[in-house]
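Given below, in the form of structure tokens, are the structures.
There are two complexes below, and they share chain A, which is joined by chain B in the first and by chain C in the second.
And then the complex of A and B:
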């Protein structure tokens, strides 16, 4: 029963909340930017880097990353000069520089060629090329020669080759090789004459060598040769007339020499040269002067060609080792770098191809152990003051970070793994230890006082312009928000993120700095070549009363391979330090991870991990956990939404598990129900449930006239949207008659469909968010040619009769009785839909500690911003003419579209490039919630959907309050003394 | 006010007695002064005075008993002025409207003490007084209700009722690929 004495307080609280909601937007002022929020820019894992030429005098590098970002970085500091995030459906494959003025990129499988202005990153031109899309495109920029005034950009893809002017993007010539199944492998330019050498492989064994006129594209010469064994497709033109190619088994190397019209070749068995050839052998793209590099899984070998008679091994490096591309130093000479690991250090070696046995530079560099192995290295040279060559290199590490090494030191590093966050959770910070006084934290009391006096001046509008600047600086670098201890309001937390590279990083919510990071050994690529993938991060142990002294810990689940049937891996990490406490390799795969609501005696949360054979495994493996779970097992179910098979299945768990050995932590499952959608009419598009940590304050909704509606609150409610097969494509691909969307509300325990509604003429993509008793989803309306947002609210009709006050006072009602899904629910559904201007990338809803504060929808818009829309706008009870009582309740009059007011943007003027996810985490203060948004960029802020009704704001002037109190106390003392004196003199009279 | 008058009267009588007794022995009566005259007058005068005092007391008691009525009217007017929305003014008025009758009822005995007299019937005025105060309190409660601060609706009892516990738990979703 609710305690009635709190009633008045709640009314007053509600009144305050209502008063604060009088102005709709909870926006902020200009000077509040950066007080609670921070924004970090990243680029992702670099896959190509090209340096500005020395002549331009700018120390910059242009990089292309796996997050589809082209960026120009400052070589001195690693800062971003400019950056473009290209759409995911237009993957950029190649990057090159032209004329020292443009960065040229090739994207979408070789079909789009763009040039970007180097200083400011503006696009200069774009050319669309027609190519067959399946091939790996090549981009080659002809070096400055006598062909034309401008450099030609050569694009080779499949059997097409294009030459494009780098000044205006006009196609100079194009050539399609008519040979069947030919794929161009390499394009090389002869240094002295205007001949292009084009190597293509047709079928699997026919090698074709074309010589083209660079001016016109005419075929000067064509040589074809069939090989006895098939080629694997990797071929390298070592010089103008010598070619090396791997055979199909990757165990033999063809050395091919072209002499005029004839081709002669020699086959070399690699096992004669290199001992260990396990794993996939690769030819590394290099080199000239007859130097080639071979990569096997355990070694990296440098080989020197001796004519076509044979090869000589110059040096072999143990893996992990990485080789850079060749860097032209002089006309005849090229330099390249090899980086390999030596214990905790890395060794950076630079060699010239003309003299491979000698080393120009050998430096040992200390690198943070949590960065893993070196994956890529990009070499660059500079001229020292004594005219000798100096070398620096950009190094890409296993955790996707980017480092610049020069003269044996790491000059700067960028933590670009944060551009590919997979999952986020939060952790509390340690409790503040005793004996840390205010003076200690604030450096000294005088500074503290000075700060407050400044603030007071600001409040009383006495501050000068300089002082105002000082005040703003004080506010921004307030040490309070960056402390490493827990605060009373729960504003300071750790955001623990899992990146694609398998690195776990903890960020402080105060300023976004990295507290700790750990590249999990279990998620690192092993020598056997399997690439593990990280799946998710979960709360493992959140200590409360009994085990308060222990540190909280988190669970990271991954797979040891990319295949869904590969065995899973598990790591438990300490959330304060990031140390790995426990690591486990499963003997089963991971298909689903289900955190349960149960916790064992040491506060470890129980997790069920379902494998590909639909067996459930319980973690942690402790007798305590199994006892607890067996008790709850009859009431535990799980469901799978199979998008491929278009079916939803519900399962129950059974004690026994049919394995070869006895495992009491393994449970078999039994299918209870299934919902099969007809594939020709409906395809599952999306499935959403409530967030597990969501707290709901009350089951009643008070509407106008003091009436009560009871919400249908169930954690097992699943929202599933299906689309007609034609509606799943791009917008415009289907006519309104053949596109529809069906929204389902399903009980996941029994499989009962609680509600079903069809939207005709609706098309995907669908985005949805489920919270409390409502669902909001977003789709495209083909008839109206606009995006739409629909809301469904679901109410429990079987409880609606609980309206007798006397019974409620006496507690004679069934509202608190536990509910089961097996009683037939009578639900009442209200729904409405509205037009919405934006296309949406992702949706979330604010979460608060007790669920009292009103909710806001957090909408990630196509412009990479986050829009906070009050839930009041998507209330299905809105009507065109609300009654007086409804108006008092705060119901807005119905409009056909949802308003977007610029002040609704929580990201204000910033953009979170390539926005992927929004997470809302409650703080301890009921009114406030943390919002963390990630994509290529990161953005964090705190939101108060109903304003901060339960605390004083940061702007509150404590100094003013103190002065007022002091003045009042002084006045009281003075008047008291005065009255005493007066009384005394009265008595003497 | 009434209390003060009563005291003054009693004190005057004492002064009269003291002066008469003290002057009686040492100082002779002035010429032309007869002691008996006033004494005889006093006996009838005292009865008359007592009668009028009783009547006066009863009248005053009734006046006191009816005083809350004026208050009631004024309160009613103030409440009407305050309106039916919750804000500082209306809450203040409502609470004072509740508090005044309660404090008056608590001091019923004290209010009617000056009129305590075996010959004066204070029961009826007391009852009227109590009834009027109860009416004032009723008005206050009524006002409280119109402000919506009385838990008379079902909504008041379930507005913070926590959601019922669920027996089953189902997890899952789209399998990880």
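And then the complex of A and C:
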């Protein structure tokens, strides 16, 4: 057989390339939304909640969260009406409502005041105030101000006090207290006359009391009093003329009475009142009528003031207990709620300040054990049909979830811990049991056919409106994707996420529902006050073959404190049920966790945990693991990046710790190499390596003229970008001459710098992604004043000679020669850069099972969308006028900027607010990859970077196929009969 | 009609705000910083006419200074302002779902305070006033082509059917048109040829 002419083959290839170019990314149709993707909106842990007044008739609540979100929630269902995510560098401190129309927020330490329209969340005005930072700002909305139906918004921060009109944000008056070091602690308003009381503390022991005219801001009266001991910052006015303040040691209370011009005070020792005062004592902002609350680490006490002569303990609750703010019921009376734990239940108690010893409501509420302790309560009242007061409360739990409790029940709950995901891994679902699947299909055969007939009607435009709705519903709720078993394509998986609260939650990829959740006891705040922090989540055991019957398990690593030297904690969880199988508290700290590729006989992954003394500890601690690891130890290297010291170090491991010789799972490390960057010229901005589980299909890249280039593939390739000190700041802070970026490609085993390139006039922030033999990084070009994306591809020159077929046949090639990092590689580097329109928040690259499918860059843009950009757009071989051969290869002509095609947005018309991370996980089908994006919101979708070439799409019409087959069979029978007849007639002739 | 009313109210509201917005926009108290004030103009007519894209919602429009250093929101009338911005060259980006905005380079001159120059970075077009308009509306979805007989015929199944129809109905006609003598010759040639022909196979199977 003669070989086909080569040019014909090339033309064919060209056609294929052109055809695939036309459909570069899998754009989607509008009716496909929700088929493979889901989007969930969250707000984060609520730190402040303000209810709409009853008069407005709307059952809504405006909340402010620790993720810097302001949102309006429906009190009946917990749904979000509107929501704004404010940037992290503009932290919102205070929230209040004004005129029943606006939500007013104070952010950036009291310098930005914004008003939002309550019904739709539109920003109405924004005012910048000049305040001294580093102070806790106060926001107070004046009520009963008769001036032109306007409510003044008071902002107090440091020694400034501003009154801003709540209608248009114009500053009505401002007042700067000239006293040295004064800090305003409290602003209060007299109900009958327009007088403001301002309490300030100067120099920690001088109490200042000002009376201001609320309309003009003039000082009417000023009283100053020095105290023998220093006052702690916390002061609160109990009633209008009695002030309570903690002293600096937090062991005594000053009771201060103001009588006209004079101040008299009395000091009370807390130890006389409350027995156990361990931990930090806090005064809780409470209420009038002479009731205060005192919080110590083990108790919460309610105290009643008896003039200034003393205090009386009314009731003491065991911790964990929480107190709500006071809620004004009538002019004289206020209600407050106390919630504390009673075994597996919580007790919700409401009291009036006028009669503290009696309880208005006492309800026991059952709450899921995996939610931990109650952290905050926000009380709200409503008028029942019989005109009595009913109470409901928003409850914030330890896992950051938000619940509404009313009449002894949890009305709704929001899993808002998912707004602060730290780390994500996936787990396979259990294998389907035999027999189940077959029966299911047979049972559904009729349904299945009916569905396809409906679909066919849809394509043929024969379906009625009702049927169209039925088709869409059928597609969206296909039970197939939500099953709890493994599927052939690997589309169904568990996404296991670790949240900031230390909760591990498993989500189903089909519809994003929560399969299980577990608030890890080892990551919960302990009574001694240390706050553990979760670090990461890793695969611990992924059973194959022999141990298939066992469930897979995952490893969660955390620290028992916030600083890096505190001892680490470890938990092993079952992936299917979320049960904690094992928990361990290390006697060493955790600085770096290195998952190894080794597995012991029970398929447990080996992990090295490096502590702050540069010792490595091996886990799991089993003799099997240590035997395996000792074999591999000489080949184990790791590197550390010290951004503060501007150094990258490479390490190897040595047998035995120098501190504890008897611990055979502990290894000391030896520094092999280090790269010290000159601090006055370069500061490390980012270091990036490729994903550990990345699969590369081929080493060679065939280029147009039948030439082969060998990729330099090394798992030890590290990309490091450094910036000049001036360039690390914000855009606009440096001139092009004093800003530069240096990109390095470093071999992490030897510390050899494989490539170094300087971009002059470039500025951070730098984002980078490393995959196969290439790096793509994003930075700001100060000269062009545009963002730029650069690509570096690295090729192995030493293998470039292996093109001779004869040599390959005779085995004279060096392809099978062992590769070691210690040989000096001859590398060739190609690079190019392009303009890119948007700022970038994060970057990732698609991962597929075998690495055959072409790659897409997943770019999280400043608009919180994810753009899938084909790697072919960032190919350094692109040229302005590609030759015919290059065109056939599919090389795109060079353009100065990268295209942004809206159909390439993976998130289509959705936004993942406060986007932080993009994860790509291969499915079993080579063409398809899972993409999970998280920020305050979650978004999941499946992506096929080169379209689904290995399976039929959902669009495929089975009914049409069946009809065609039927038609063909009918035609065959018809022609057969016809020819029979004809033959018969021929024979009769 | 019901949907129109809130829109109208919103517009009225916007006009009312525009009057007060101007005097609130600049506060000259800050000594070292400058104020960048501008306006975002999204032509509502384009969106509502097509009905395909997303409704123009200025409540979701964010204005971003220097890649996230500061973020502000557009007011209902589209106005925005950044206060206390130091002199230098800055970048303003607008993020609004459904629209593509070109980033804008803003130069604040240090010598003559208050002099602000703005230019689009993509086209280098200089803006006389800081009014930002979207370059284009973003269509996130592919538009489904309407059903046509041609697309059905072009599908593999359609081609299969078409080929079959040709073989069944057109081929016999073509055979008839062939000169009978030539036909005979060809048949004889076939019989003599050693390669078993498909028609022969069929004939054997039928007999």
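Here is the rule we go by: the second predicted complex is superposed on the first by the 907 of 989 C-alpha atoms of A that agree within 3 Å, B and C clash if a C-alpha of one lies under 4 Å from a C-alpha of the other, contacts with A are read in each partner's own complex, and residues count from 1 in each chain.
Everything that follows uses one rule, which is that contacts are C-beta pairs under 8 Å (C-beta built on N, C-alpha and C of every residue); 3 or more make two chains touch, one makes a residue touch a chain.
As the structure is a prediction and not an experimental result, all values here were calculated from the model.
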item	value
First (chain B), second (chain C), both or neither touched by A:127	second
Partner chain in contact with A:627 - chain B first, chain C second, else both or neither	neither
Touching partner for A:911 - first (chain B), second (chain C), both, neither	second
Chain B versus chain C as contact partner of A:980, first or second or both or neither	second
Which superposed partner A:535 touches (first chain B, second chain C, both, neither)	first
Footprint overlap on chain A, where chain B in one structure and chain C in the other make contact	none
Residue numbers on chain A that touch chain B, as the complex places them	1-2, 4, 6-8, 10-11, 15, 535-536, 564, 590-597, 608, 610, 632, 635-643, 650, 687, 689, 696-700, 702, 706-708, 710-711, 713-716, 718, 748-749, 802-805, 808-809, 815-822
Residues of chain A touching chain C in the complex	27-31, 33, 82, 84, 86-87, 89-90, 114, 117, 120-128, 130, 167-170, 459-461, 730-733, 765, 780, 782, 784-787, 837-839, 841, 861-865, 897, 900, 902-903, 905, 908-909, 911, 960-961, 963-964, 967-968, 971, 975, 979-980, 983
Chain A contact footprint on chain C (complex, rising order)	17, 20-21, 23-24, 27, 29-30, 54, 58-59, 62, 64, 66-76, 81, 83-84, 86, 88-91, 93, 95-98, 100, 102-103, 105, 121-122, 138-144, 146-147, 152, 155, 157, 160-161, 164, 168, 206
Residues on chain B engaged by chain A in the complex (per definition of touch)	86, 148-149, 151-177
